[in-house]
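Please find the structures below.
Look at the two complexes coming up: subunit A is in both, with subunit B in one and subunit C in the other.
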Partner chain A sequence: MSKALIDLVKKQFGAAVLESHSLFGDDTLVVEASAWRDVSGFLRDDPACQMDMLTDLTAVDYPEREPRFEIVAHFYSLSKGHRLRLKTRTGDEEGDDAEVDSLCEFWASANWMEREIFDMFGVTFKNHPDLRRILLYPEFEGHPLRKDYPADKIQPLIAYRDVPNIEKIAPFSVDEGMSFGRQTHTQPRHDTDDSSVN
Partner chain B sequence: MEALDQELDEAELEMPTEPMLLNVGPAHPAMHGTVRCVMELSGEIIEHVDVQVGYLHRGFEKMCERGTWTQVFPYVDRCNYVSPMLNNVGFALACEKMLGVTVPERCQWYRMILGELARMSDHLTCDGAMAMELGAFTPFLWMIKAREMIWDLMEEETGARLTHSFGRVGGMASPPTENLKENARAVTKHILSVIEEVEKLLLGNRIFLDRLEGVGIITQADAISLGWTGPCLRATGVPYDVRKASPYLKYDEVEFEVPVGSASDCFDRFMVRLAEMRQSAHIIEQCCQRMADSGPVNVTDPRIILPPKEEVYSTIEGTIQHFKIVMEGLKLPAGEVYSYSEGGNGELGFYLVSDGSGTPYRVRIRPPCFLITAGLERVITGAMMADVVPSFGSLNMIGGECDR
Partner chain C sequence: MGELKSSSTQIIEPGGAGGAGFATTRLDAVLAWAQKYSLFMYPFVTACCGMEFMSVSSPRYDFSRFGSEAPRFSPRQSDLLWVVGTITQRQAPILKRIYEQMAEPKWVLAFGTCASCGGFYDNYACVAGVDKVIPCDVYVPGCPPRPEAVLDGLMLLQDKIQSGNRTPAIVKPRQDPVVEPNVGLVQLRKSRTSVA
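On to the complex of A and B.
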């Protein structure tokens, strides 16, 4: 149904559209990071699109790719009843310079969801009114949903009490819960010699 | 000695004022234990507010990337812990959308019955807590007692009152019990009578009405822009319900209405929830009539569903099947999917990315609460301090889902 939508955006922003597909019934467009704001604004304002709701905004980390992060938005039109997924890619290998335009001017829901992406992935949003951590505390170091953030790392706000003969263990060991299917999380891990976090 | 009641010059009484900074929460009962509001007050009027969430953040999405797809079910239970069955079914539907399988009809009806009961428990909790926070303790006790009946039924069906982990990709953990229909009818009948009594008790109560009517208003445009869904959006008059807009399971085959409000204040949100419970009871009755008493519940694909235990211990095929699913996990085709269903608070979405292995590459839950809580700032800015309690209560913030 929203095949027509994809064609419409392609006609409008031909050069900026990197790819499009309809997997499992979800129509998807991937655009250049530079066109992120313009395409989103077009989707909201164009009478044929009328995407009045930004239902979801999130990111996915692909450390082996360049650009590294995929920003994923899901739009829904209450009046037309159609949906579209819009994606863009940003960030270099180290995850620095990951920046896209903020969508806060179009949808108020973008505010908190962009803060969450900033918190979890370290992607910054240009022109965001209030970009700070939302789920984690300000002292937190790193961005936990990046694939290279070790799942067993702990950063207590207050150091654990030093009780002799009691060994503190992290909530997860390195491979705990991992299935045989994939072992891609075995990147070199940070040394946890730091006495405040043992 | 000078007279104490002498006439004072009015100008001398004018004291310099400065805005007062007030911290509410996170350990404040009205904030449900997990949200902190930093408010700048001028008198009793809230000038600015900073809503801070995250006190219940447990790294849900990171944890999901470490197990198999089936091992995600216990985690989604703990997202919305008032209606975990809806989360279970929502996640199962997302995986099934990726696999391209549809569960047997009996299972679809079963999921609907349990899902609607969970929705009722969600709304009972919210409306009950709202009444309690405004001083009406009796309706709260009645509603929690009614909710307890739902949880008893859930315990009968799943073995657990609260965190059932009952959904499975391609079916349910076990078939419905023999007494399901009888129990479900008894529970809904009791809940309907509780709703009636609660209405009698509250809707003629001047104090209750005064504290809800015209309080916590948000415009329709704001609610849409904030991404509100569920009862909070419907209270503004938008009849958006995923069950109607894009029916899943058998929702296109049952009759029900989508109650909407008009004033979009706390009272409308309260009333929309009450009306929705009646609709849920109506849906449950229809499901009970149409659900077959026997028949398969799970799909038969051996790559998706665990074999019966007898086969695991007696045949080599069963053993291999069991081993493959438990150790490697069931494999979802590589790709991405966004699947959505109507949770207790609105559109509950799952954005899944699979790399074709047995472990999820990314599980993103779209929590309706998170976006609704994001709107709290707009709802209470400019309101009186005392209006925070009913406004926050009517949004039904569930900590586990908001902070994940």
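On to the complex of A and C.
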């Protein structure tokens, strides 16, 4: 059913479609970042698509890839009852010039979701009406859902009390807890004595 | 009045037993006795522990038995700050301001693991325990704590108020009567007919 949708978009934006797959009703299109706005507008306005609902808009960080971020939008058509996932890729290795067009002009729900992506990943959205942090405070530096943000780095808004032993105590030892997050720590969380091993 | 029978308290009955008597005590002891049974509370409820807080405050567990039922949603009128739930970095200045607005004497109870030490929220967004920001008197561990643990924490705080001890205290786990048989199981009614 939605395979027809993918073919329709491919026919319209053939050169801009990077990949697509359709499996068990799970339909995905990956498009060029430059075509992000046009494809989204087409999906909303075309009588065969009528994607009148933006269910979700989020991002994924793949630090090993170039472009680094994948912006993921989930569309649903209330009138037609079909769904489509649209992705695009943006951002260099440092994640600096990550920028795509805002979808706020098509779906009002994109406003806050794009602000969340900006907050968590540092992807900017062109022509967004009010692009600023939505969950974190303005003083926060960096973007915590980037894979290179240290998992145990905190940025307190107010100074901690001036008493001994107030520093954060690691709740887990080295072999416990979120090992996947520790791989990107700038500094080792626990002092490991390598000299005894060698 | 049992709490006043300390070494500093003396009950004198001049007319013999049953006669009209009087008691002597220290002023700070009677003041602490009054304070510990009139803990006006400020519930700073941010997360799921609030459900358990509602349970403790509702009739089944009913912490009004301990004289602490009156909520005052103005920090200026409250004595006990209940920090119930996770405190994020963004919430921390608000919590600190609430604490600073409370008039002395004031006490803080950290309700649940998140308020006590951050729990598993080992991340960029959360404060690893309210004691990073404000001094804390009693910690009630649990995720969320059982209402019995909260009552234990409240009674622990009352003991601390009576003794004037401001060192932080942690509620210890209760003994499980199943695991520890010497505690003694409460015999539950098996059916309606079996109870004489």
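Here is the rule we use: the second predicted complex is superposed on the first by the 163 of 198 C-alpha atoms of A that agree within 3 Å, B and C clash if a C-alpha of one lies under 4 Å from a C-alpha of the other, contacts with A are read in each partner's own complex, and residues count from 1 in each chain.
Throughout what follows, a contact is a pair of C-beta atoms (placed from the backbone, for glycine too) under 8 Å apart; a residue touches a chain by one contact, two chains touch by 3 or more.
Since this is a predicted model, take the numbers as computed values, not measurements.
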Touched partner set for A:L18, first subunit B, second subunit C, both or neither: neither
Partner chain(s) touched by A:P156 [first = subunit B, second = subunit C, both, neither]: second
Which superposed partner A:R85 touches (first subunit B, second subunit C, both, neither): first
First, second, both or neither for A:L8, with subunit B first and subunit C second: neither
Partner chain in contact with A:V30 - subunit B first, subunit C second, else both or neither: neither
Which superposed partner A:V60 touches (first subunit B, second subunit C, both, neither): first
Touching partner for A:I134 - first (subunit B), second (subunit C), both, neither: first
A:P144 touches, of subunit B and subunit C: first, second, both or neither? both
Shared subunit A contacts, counted only where both subunit B and subunit C touch the same residue: 135-137, 144, 149, 151, 172, 177-178
Residue ranges of subunit A touching subunit B (in the complex, touch as defined): 23-26, 28, 52-56, 58, 60-61, 72, 74, 78, 81, 83, 85, 107-109, 111-113, 116, 120, 133-137, 144-145, 149, 151, 172, 176-182, 185
Of all residues in subunit A, those that touch subunit C in their complex: 135-137, 144, 149, 151-158, 160-161, 166, 168-172, 177-178
Interfacial residue positions of subunit B with respect to subunit A in the complex: 52-54, 57, 59, 61-63, 65-68, 71, 97-98, 100, 222, 224-227, 229, 238, 240, 245-246, 327-329, 331, 335-338, 340, 347, 349, 351, 353, 355, 357-359, 361-362, 364, 366, 370-371, 374-375, 378, 403-404
Complex contact set, residues of subunit C against subunit A: 89-90, 92-93, 96, 117-120, 122-125, 127-128, 131-135
